[in-house]
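Listed next: structures, encoded as structure tokens.
You will see two complexes here that share subunit A, one where it goes with subunit B and one where it goes with subunit C.
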Partner chain A sequence: MTIATAGPSSPRQLAWARRRRSAARFSRQLLSDRAGVAGLAVLVFFVVVALAAPLLVSASELSATAGRGNPDLAPPSAEFPLGTDEIGRSVLAQLIWGARISLFIGVVATLVAVVIGSTVGVTAGFVGGRTERLLMAVDDWFLVIPFLPLAIVLAAVLGSSATTLAVVIGVTSWAGSGRLLRAQVLSVKERLFIERSRALGASGWHIVTRHVLPHTAPLILANAILTVPGAILAESTLAFLGFGDRLQPSWGKMLEGALSSGALTVGAWWYYWPPGLCIVAVVLAFTVVGRALERILDPRLVDRPMSR
Partner chain B sequence: MTGSAVLSVRDLHVTYHGSSGAVPAVRGVSLDVHEGETVGVAGESGCGKSTVAMALLRLLPAGTRTDGEILLDGEDVLAMRAGRLRAVRWAGASIVFQGAQHALNPVQRIGDQITEALRVHNIKGTKAGSLLELVGLPTRRADAYPHELSGGQKQRVMIAMALACDPRLLIADEPTTALDVMVQAQVLALLERIQSERGLATIFITHDLSVLSYVADRLVVMYAGRVAEEGPAAAVLDDPQHPYTRALAGAFPTIGDSASRFAPAGLPGDPPDPAAVPPGCAFHPRCPVVIDACPLTDVELRPVGDGDRRAACLLVPTVAGTLS
Partner chain C sequence: MNARYLARRFVSAFGMLAFVLVFNFFLFRIVDSDPLAKYRGRVLTAERRQEIIEKFGLDGSKWTQFVRYVRQTLRLDFGYSTDSGRRVWAVITEALPNTLWLVGLSTVITVALGLWIGAKAGWRRGSRFDKTSTGASMVLYAMPEFWLGMLLLVFFGARTGWFPVGGVRDLTRDLSGFAAVVDRLHHLFLPALTLVLAYLGSYSLIMRSSILETVREDYLTVARAKGLRDDEVMRRHAVPNALLPSVSLIAIGFGFVVGGAITTETVFSYPGLGLATSDAIKNNDLAMLQALFFLSSTALIVANLAADLLYGYLDPRIRRADG
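And now, the complex of A and B:
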């Protein structure tokens, strides 16, 4: 690693120079991973579409009466690029607005799950003793409780706006990452540099934030990436079962509509293929980007030949 | 031996409590380290020398019982509250760990790790770069990750780190183990230079007597959690009084001496299990000059000659010249 040393400058300038260098290195490494770039492109596309939905399609096209006068279950045409649903509404309009809900719920639910899971896992692993036993008992309880009934009950009690749904999904899906992180913290805790840090007078908080968390970050990230598709699928499941905001379409709700309207039987592929493919594309993109990020963020994996 | 005692350990007992019951790893160790002095602690694996090092800053696992007195600059470490203890760690005494490889966080830059102690203790003004220069590494290595450094460089980083808070006492726990001989010599020379420049009190723990003969002013030889012999390093190595020290010194071949080549000296057997230390003198089952009284007498350290040497062996005549 050769670094051209600039002339004498203040520590602040040096720090910024170092940050600029690592940002440049980060983007260079990300760009050298072709799968990661492809995944990122897909994600950016969906995020842009989701954010720009109000500009692309008017929200009025989603109402139950919007399809009046249009042919029902019509195949793709110039007017409806992805055809119409069973009450004559544009499938494309729903797909675009659906991206909003699916991504929003996927990301928010993941944030909730990751925050709860890492807090519980890291606390249990690092503190140990009675705290650990108590937290792990709670974790086990969430791990064994069947997801669907709990989520349905919570959704029924708390109402079914998109935010509530996201929280419900997050609260019911943190248990796995909690256990995983505790295991990782238990192994990191025994490393010599933790003892060194303790020897130099560091507090527990310092050790957790400076040493334990950076060491579990790749795991947290990988876990988050795997939670997003799960959360998107969970949202689809709940939407499929009739939960979720009735006025806001999501990909899961479109699949439900396709099933209940008999679109699968009559072969109206334009109704169920697009949402299905969108779910697959987003799930895959998250996974691929997550892998690429993990490779960059963990210096131990740098300079190894890429596995693909 | 000038200056006052930076560290004064009196009758230190450390007992681990494992699943198999109490394990007395250190059974009554006393030692003093003065300013500018290097005390070498030698002994086989499992004799308690690292336990002593960790006990000095109360770094032993929870549930370990530590008794006795550890005075660091006159203040009893064992009686300190948690906050005061954290403040004393590194600022009063710092440690160069064995295995620099693992004592560095692999995902943090060297510079950040060196300044970690400064951040923890809220010390401003010292820079990672100047500490790196002190140990002979270029300033820009602060940007490197541990895996980009060689073993010797990592050990230098550990030393730089140990000096960050300008401690009074440096505890070097096998700092040159796992380094090749050339690098070992460089690291030792570096430690010695820094020690004499700063007047540091140093405890140097190793099983390698050749290293100790090079760095130590005084030598403490431990066996089974006790001090077997202590005294000025040169005197102890040249004329060991305790049969264990004799065996250790003899196991270190003299280059050019054909006798030691053809009849390598060594010590049969292993050090005793700390959970089941033999009665009387713990060394008697392996001792080449054992006498009947050995398994029966709990031998205290007794003065040797007229110097400040002491050895715990019945065969060492007491000052009065009689066997007790």
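And now, the complex of A and C:
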């Protein structure tokens, strides 16, 4: 092999060079998408706030006694930039910690959903036969059963700590990804390189991990990012209905507090506007970034306004 | 429609329903090992304890309980609320009409309006109408529907007093006839508006992409070549074909409305199944939640079955093939 000395031509080096090139192309395309960049900026802002929450506000501000001595439902002031809630706690402090809880649950729920959805989808698509029919029947069930009532009964029985809520949301929202992944695997499976690999004696495991998964990975990523907004909305809904910890409030939990404390009738706008605006901003940002990714990964999708 | 298609749809619907039954029992009687947790810590005589266990159907082996549970559920007997001790079915029949009015009315309006907006936006892709409606749909989609409801309540209820902030009718006055109907609609307006705005986007976006897929079809070129006017091509050829895929999606969308009704009724203290659900969550009333889950799942399974049958009826490709 005299050519090998002429340049980076070991298979590994070639593969890395190719990955670097496509990563560079990918980030260039993402950065040229204006909506995508705006969404990304919003996401970075909220992620930084969520990670830095302990540095910005002490966790003790959330305790039930933190508001003792403060005025209840007081409008914004120098001391409380976003006013206080019905027990005198700072709304801004809750908003900052709420970012942490809402994003944590959204992301963990998405991971659970994507792992279940990909496993089911890839297995069904690749194995086929009776396994596929069984898995798709389960998938169908989860698609048809209304999401919120199912999540409610699960959370009512299993408990409603942040982690449990995340798992409940993940378990109830994987069905769409499962279906999507199966379709993708079915089309990848027919490609020539799979047949070649099989002819060379590759095992099913080898084909799935080395050929099928790399070919579906971009779709899994875009799908995951589009699952997060749904998961964040689901968390806010469950929190609003009473699940979750009042002393570790997410944005949805804050809105429950605003409704049940009568903040709406006394016009305490500083209590019910900020959490809602934060939810809308994060959900829109994830949707916009997910769509930008989809457009880059699959140019045929340009016409699709959004996937639900 | 051929018999095999029909049979498959029915078998699948019954399978799903059976699985809901099993799942419900499994979740509430096996995963949840102590359904009477709320009685724990109270001093009860042995007799009273036995009485409670029998009232909630927790005596006998798990298998006996399961058989009894299935039999009772099929007779729409959901036992007693673990919170109030009332019959679950009585609570549900009281709340059901209110929810049916709310969900029914808002679904009809949302579907009609959503499909119209979607068709118009898709047909004039890139126009100002398209950009505005697609943008608005995305913002409304990103809003939790209960927050939207809270804002509507503040602006059109609490602040201006144009609409009542809760309930289903004015309890202070004894109205009858036409005045009573107007009063009901007055109370229904804000919750219905919330649901319409919250779910308009999903229908219009479905219809929009559905229209976009038909735009390049040959039969539209043919229709244009025949010399039909543009709006005739849209109304007579594009829309009917684009409606097809929307049929099954409408059934799925209905599932979101069922969920949306839960939070919306909570915001407006509208005494339907949704408010019953959030009350049951707050009181940890598991018997009630179990029944509500069973009913909403059944409603969705039936809606999907209906959509499948309608789809099969409307689409000759499915009517003839064995789908």
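Simple rule for what comes next: the second predicted complex is superposed on the first by the 248 of 308 C-alpha atoms of A that agree within 3 Å, B and C clash if a C-alpha of one lies under 4 Å from a C-alpha of the other, contacts with A are read in each partner's own complex, and residues count from 1 in each chain.
By our rule, a contact is a pair of C-beta atoms (placed from the backbone, for glycine too) under 8 Å apart; a residue touches a chain by one contact, two chains touch by 3 or more.
All values reported here derive from a predicted model rather than from experimental measurement.
Colleague: Is A:R210 contacted by the first partner subunit B, the second partner subunit C, both or neither?
Modeller: A:R210 sits against subunit B, while subunit C stays out of touch.
Colleague: So, A:A258: does it touch subunit B (first), subunit C (second), both, or neither?
Modeller: It touches subunit C, and subunit B stays clear.
Colleague: Subunit A residues in contact: does subunit B have more, or subunit C?
Modeller: Touching more of subunit A: C.
Colleague: Touching A:R18 in the superposition: subunit B (first), subunit C (second), both, neither?
Modeller: A:R18 sits against subunit B, while subunit C stays out of touch.
Colleague: With the two complexes superposed on chain A, say which partner A:S197 touches: subunit B (first), subunit C (second), both, or neither.
Modeller: Only subunit B is touched by A:S197; subunit C is not.
Colleague: According to the stated criteria, A:I152 is in contact with first (subunit B), second (subunit C), both, or neither; which is it?
Modeller: Second partner only, subunit C.
Colleague: In the superposed arrangement, does A:L233 touch subunit B (first), subunit C (second), both or neither?
Modeller: In the superposition, A:L233 touches subunit C alone.
Colleague: If you look only at subunit B, which of its residues touch subunit A in the complex?
Modeller: Touching subunit A from subunit B are residues 57, 59, 86-91, 94-95, 97, 99, 102-108, 113, 116-117, 120-121, 140, 143-145, 147-148, 161, 164-165.
Colleague: So in the complex, the part of subunit A that touches subunit B is made up of which residues?
Modeller: Residues 1, 3, 5, 18, 191-193, 195-203, 206, 210-211, 214-215, 298-300 of subunit A touch subunit B in their complex.
Colleague: Can you list the subunit A residues touching subunit C in their complex?
Modeller: Per the stated touch rule, the residues are 137, 140-141, 143-150, 152-154, 156-158, 229, 233, 236-237, 240-243, 252, 255, 258-259, 264-265, 267, 269, 272, 275-276, 279-280, 283-284, 287, 303-306, 308.
Colleague: Please output the residues of subunit C touching subunit A within their complex, sorted ascending.
Modeller: Spelled out, the residues of subunit C in touch with subunit A are 12, 15-16, 19-20, 24, 27-28, 31-32, 125, 134, 137-139, 141-144, 146-147, 150-151, 153-154, 158-159, 165, 202, 205, 208-209, 212, 252, 255-256, 258-259, 262-263, 266-267, 277-278, 281-282, 284, 286, 289-290, 292-293, 296-297, 300-301, 304.
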